[in-house]
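Two complexes follow with chain A in common, the first pairing it with chain B and the second with chain C.
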Partner chain A sequence: MSQPANHLFSALTSDEAKQVVHQRHARAKLARAIFRIATLLAVIFLATLLVTILNKSMGYVVVKNKVDPATLANQPLTQLTNTELAEILRANLRKNRVRTLEREGFLEDQSHSTLVQLVEAEVVQPEVVDSYNLIPSLLNRRQITTTAATEYPGAKVEFRYWLNGQFLSSTMASQPELAGVRSALIGSLYLIIITIVIAFPIGVGAAIYLEEYASHKSRINRVIQTNIDNLAGVPSIVYGILGLALFVRTLQPLTSGAIFGVEGQNGRTILSAGLTMALLVLPILIINAQEAIRAVPDSLRQASYGLGATRWQTIWSHVLPNALPGILTGTILAVSRAIGETAPLIVVGASTFITSDPSGPFSSFTALPIQIYSWTTRPQPAFQHIAAAAILVLLIALLSLNAAAILLRNRFAKRV
Partner chain B sequence: MENISRITTRKTPLVWKKDVSENLQKKIRPTEAIIQAFLFFCGVVSILTTIGIVFELGKEAWLFFGNPDISIVEFLTGTSWQPKIGNFGVLPLLTSTLITSLIAMVVALPLGIATAIFLSEYAAPKTRSILKPILEILAGVPTVVYGYFALTFMTPLLRSLFGNNTVDVYNMASAGLVMGIMILPLISSMSEDALSAVPRSLREGAYALGATKLETAVQIVVPAALSGIIAAFIIGISRAVGETMIVAVAAGSGPNFTFNPFEAAETMTGYIARISGGDLSYNTPDYNSIFAIGLLLFVVTLGLNFLSRAISRRFREVYE
Partner chain C sequence: MEQQNSQYAIETRKLHIFYGDFQAVKDINLQIERNRITAIIGPSGCGKSTVLRAFNRMNDFVPSAHATGEVLYHDQNINDPSVDAVQLRRMIGMVFQKPNPFPKSIYDNIAWGAKVNGFRGNTDELVEETLRSAALWDEVKDDLKKSALALSGGQQQRLCIARALAVRPEIILMDEPCSALDPIATLKIEDLMRELSQNYTIIIVTHNMQQAARASDFTSFFTMDTDRAGVMVEFNETAKIFTKPKDQRTEDYITGRFG
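Moving on, here comes the complex of A and B:
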């Protein structure tokens, strides 16, 4: 071995040797730049993703009214009295519709803002005929107004945030400009509550068992541990299929609420979806809780035993209080996984078109990611805009959950 | 025991002696036993879940293959999936799953490893503290959002690059590329863990011999962490195969036996999502077919996960 090396070095003059070293350093520098660019790409991807969504979530829209408000009254609608508004409604709507509206009382007796909304939605009927993304809206503002003026005479160009109060507070509708995410938000909330109520005690219980009771030599405990690690890698859609077969179909009397006296439901309820989601997040929750429990120093346990406490007393009054922040952080992370999960909900049978809010665990439901999926897959451009708005709602919810987790973690880190 | 009682008899009345010996016995505590039993049950729930998955998927898949028109051989080798006319060949769904996963890995693997090397070998602590949360955010974005991104950003980009005639509105390339972005953080964080586990002394040794940073990273650190990197790669494939929403949104609906990534083709997961999205009646071939495909998916991903764990256990270099 030493022979060729010696030969190599003797063959190199000092200049040549310098050149070799120089080349190696140049290569190292180049590689460093490549690694840096690769890492930057990840940042660029995230930025592009966010810009794409923001770009779609606001911009100019061309609104055309079916009936021009100017033909209804001389003043703007908001300045009219209740009587005038009611008259407009009576004059322009079909009799049946007026009767439906008056079921609760005379039109005149309803609040002013309700009447204005009614006139706008039922008589004026504004329709978005064209919409632009944020970037073209900022860059070609003049061109947009001129195109709109020539192509849609009488139409109004306005800047619209697709994520607005009305979007958050209205239910699903077939027209994108009237559709909202309220029932989806409530559905997601129900889902998360059911998931936590079921998964948290079981997950923490399993973690306590594995960390505090199970001997690592016992075969069944090793099987449980391996099994949990494997379940964490099972695709979410497989959980959906399990939920469909087990909760929706086999346990239909329970999940449809039939044994509790709820009628007219099949098994495709919030409860089924919540149970499925609980199974899905369970492995993540257990693994996180195990880590939190493992981090509790053994000296605490020994001190407790030394004072004569039983095993459970030790766990309940010493181990759990110390592990709790970690367990909660893990739970929040598991929940944020559950909020964005879509595939199992599709399989379990979330409805994409529901105009009423869910009333309890036994009602059919929709959820935020399901709405996003359903709007994304529609061809009309306006649906892409409200899908982007719904994505913003989802991302904001996720970010605040993660911020809460980080705060909790930092507080925990300070205390120990 | 006897010693103690003798001592106690000398100093204390008889009643006391009896109490002490009873107190020193191990007390049976029913609550403790019940609690332990409950906690054990919690642990067993995970096993029940696995049994549930295997049992339900197996049962319905059994019914599916029990249908006289369907044979396992035809299922695994047929190139046409059209349940309406009785063609149940899973290959079109399988090839599109493989193509989208392959594209995803081509994006995620080099970028992921390069990112991991940068973070573990080059980046200053401050840079790391900025970059790692960004990667975590990227990993936390729901997959349906990636699906939206594929459809509204990647597909138009591909179509403007390669022409509307070559690239379909729904295509595997767009789904695969975005899936690669989704898997990138997973690969980079797992690989980085493996790289960071390589002891510093190995690097110091290489530097002492005059190696550059690149030579140290590529010839010393990466080989030492190779088992971890391969494990990350396999977990990445498993994630890509099981990914549903991106392909359901962007890869198109309708099975298509093709190897052209610019064409629309439905994957296994996309098929399950589409079929179960409608009103599905029980005990139809459609219903049973999602279980057969689900079983295939479960077996493939489970096998990959086992393989990944086996590799990282078997080939891990253990340093003191």
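Moving on, here comes the complex of A and C:
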């Protein structure tokens, strides 16, 4: 540095300068390599996750029918008339079962597709005796067919997408082939709606108060702020226990719907779970909304106040519209968290086996993560496959919710 | 003195302003004439903007700021708790250092301030009228629905002036309104100030002594005292301040010998 000014010119070409530049470039290259590896690792993890799930969610299955459809009729079942199908049912089922099925009307009067399904489920009773993942299915196709032929004579090998229309439209069942996620999916959607409806206004309101009204010098407000920051990191099971004590037990008359005239429910309802989830995501929502509100330039507030606007006019017309994209981003994060949470739902009493759809906020319910959890704990391999399919449903539901929120956010962000 | 009050738009008596323990300005006694342009000049950090913001209580938004003494407006001390700051700011508008239009259309920028102040008349006419008085109408009349952020810096600042006019204030405070603008835009704003001074009282804080000399009727010179608090050194007609300053410090500053 003490060199004369004309040193600058030789500095570009001298050996010493070249070495300095060389070292700097080497350091930059190293840093870039580290960041690239970090990104690559993240992509690999994500890809592994997706591949594992997809691998399990489809593949060859060996299906063995308890009764061969060929022995029932000499035509495929779908080509039989209603009368023929009804006859098959009467001939093969016990009297009591037929009577149960006919409670709503004669078998012949039911729709053709219902009858075919009944024959399939009650008479033919296809059972998955063996199943394969996607990768072995693609690589060892021939071996699978020969093994199936020797080990399960009379069985049929077919390729199955475990995530199919039947899986989406059926409720829970004890056999994996018949089980579906409809009630879990509807339960999860109910849960998310209740969570957002409760947490969004409270969260944004709290953020507005803390940012625009509360004095940052007041000790109480600082304590509140610190608490909110810390609550965002509290394990979800703790919220579950809080929900159990507060919403399920203490507020049972409210959460069971007793004060609204709903009978026969305890506090373990969707409403309790939604309130618990709302508590869980509230700190995340507040913190994100605060960040978004803080990011609104102060010059806008000054301009507004300078025109004689009140605090609320300023917040409503300038602060909130400009903070909204950020607030919605926070909401996306919160919803993503809520839709995947399992522990608090178990604690507040989600059912793992329920065959009816939730009918309102005071129903008992199940949710996707609960269903996935319950299926993955089963020993039969077919449950692993439907668990993978349910994970796909959960991911797709999550991505579509987020996509909707992002579209909404972009609409607001582009308004100017 | 009491009878003379009405001749001044604003008058301060023994105004002291503090930020926490730090005294920002001390003992300011200013009389702002009606329908005149009064400039406040002085070096950085001498409390010019602080005093300006005391005129419409914008210092309320600085949590540590508090003031003693009187700021008289219509014979009322505006620091009195009974005075509603929102009402006050409707009478005393403000234009800021950096152009800060709302991220809305040009039209909405002007209409919004009027709307929150209970304007019930024809908004289209109001927008045209205020844009004309801010000398901006011819440039933007076909683009009223466009975002105000698409305007140039000088146009944005004139829009901010128009926005302040739409509320129909009596006094307009300008806090270094040209510091972010080029010389041509600056001259346009100065011409505009001259136009507006027929109907409005204007108080302008500026770093630019030529601007004060060109555009103002009265000039007040502030400087920092030994304890870093701002003090008013001299207040007089602009011509006198720049030709025959009474105080040595004023002379040093305007001749560039300051600091």
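Criterion: the second predicted complex is superposed on the first by the 358 of 416 C-alpha atoms of A that agree within 3 Å, B and C clash if a C-alpha of one lies under 4 Å from a C-alpha of the other, contacts with A are read in each partner's own complex, and residues count from 1 in each chain.
The rule we apply is simple: contacts are C-beta pairs under 8 Å (C-beta built on N, C-alpha and C of every residue); 3 or more make two chains touch, one makes a residue touch a chain.
No experiment lies behind these values; they were computed from the predicted model shown.
By the touch criterion defined above, A:A245 lies against chain B but remains apart from chain C after alignment on the C-alpha atoms of chain A. Of the two partner chains placed by the overlay, only chain C lies in contact with A:H318; chain B stays clear of it. Judged by the touch definition given at the top, the superposed model places A:K217 against chain C, while chain B stays out of reach. Of the two partner chains placed by the overlay, only chain B lies in contact with A:Q384; chain C stays clear of it. Shared-chain residue A:G105: touches no atom of chain B or chain C.
In the superposed model, A:G261 makes contact with neither chain B nor chain C. After overlaying the two complexes on the shared chain, residue contacts for A:Q302 are found with chain C alone; chain B is out of touch. Measured by the number of chain A residues touched, the leading partner among chain B and chain C is B.
Of the two partner chains, both chain B and chain C are touched by A:T310. When the two structures are aligned on the shared chain, A:I237 is found in touch with chain B, with no touch to chain C. Common to the chain B and chain C interfaces on chain A are residues 310.
Residues 29, 31-32, 35-36, 38-47, 49-50, 52-53, 56-57, 59-60, 110-111, 114-115, 117-119, 121-123, 131, 134-135, 137-138, 140-149, 151-153, 181, 184-185, 188, 212-215, 217-218, 235, 238-239, 241-245, 248-249, 269, 272-273, 276-277, 280, 282, 290-291, 294, 297-298, 301-302, 305-306, 309 of chain B are the ones that touch chain A when the two sit in their complex.
Interface of chain A with chain C (complex): residues 215-217, 297, 299-310, 313, 317-318, 322, 416. Chain A meets chain B in the complex at residues 24-25, 27-28, 31-32, 34-36, 38-39, 41-43, 45-46, 48-49, 52-53, 56, 201-206, 208-210, 213-214, 221, 223-224, 227-231, 233-242, 244-246, 249, 279, 282-283, 286, 310-312, 336, 339-343, 346-347, 349, 352, 369, 372-373, 376-377, 384, 387-388, 391, 394-395, 398, 402.
Residues 56, 58, 61, 63, 86-91, 93-96, 98, 100-104, 112-113, 116-117, 147, 149, 160, 163-164, 167 of chain C touch chain A in their complex.
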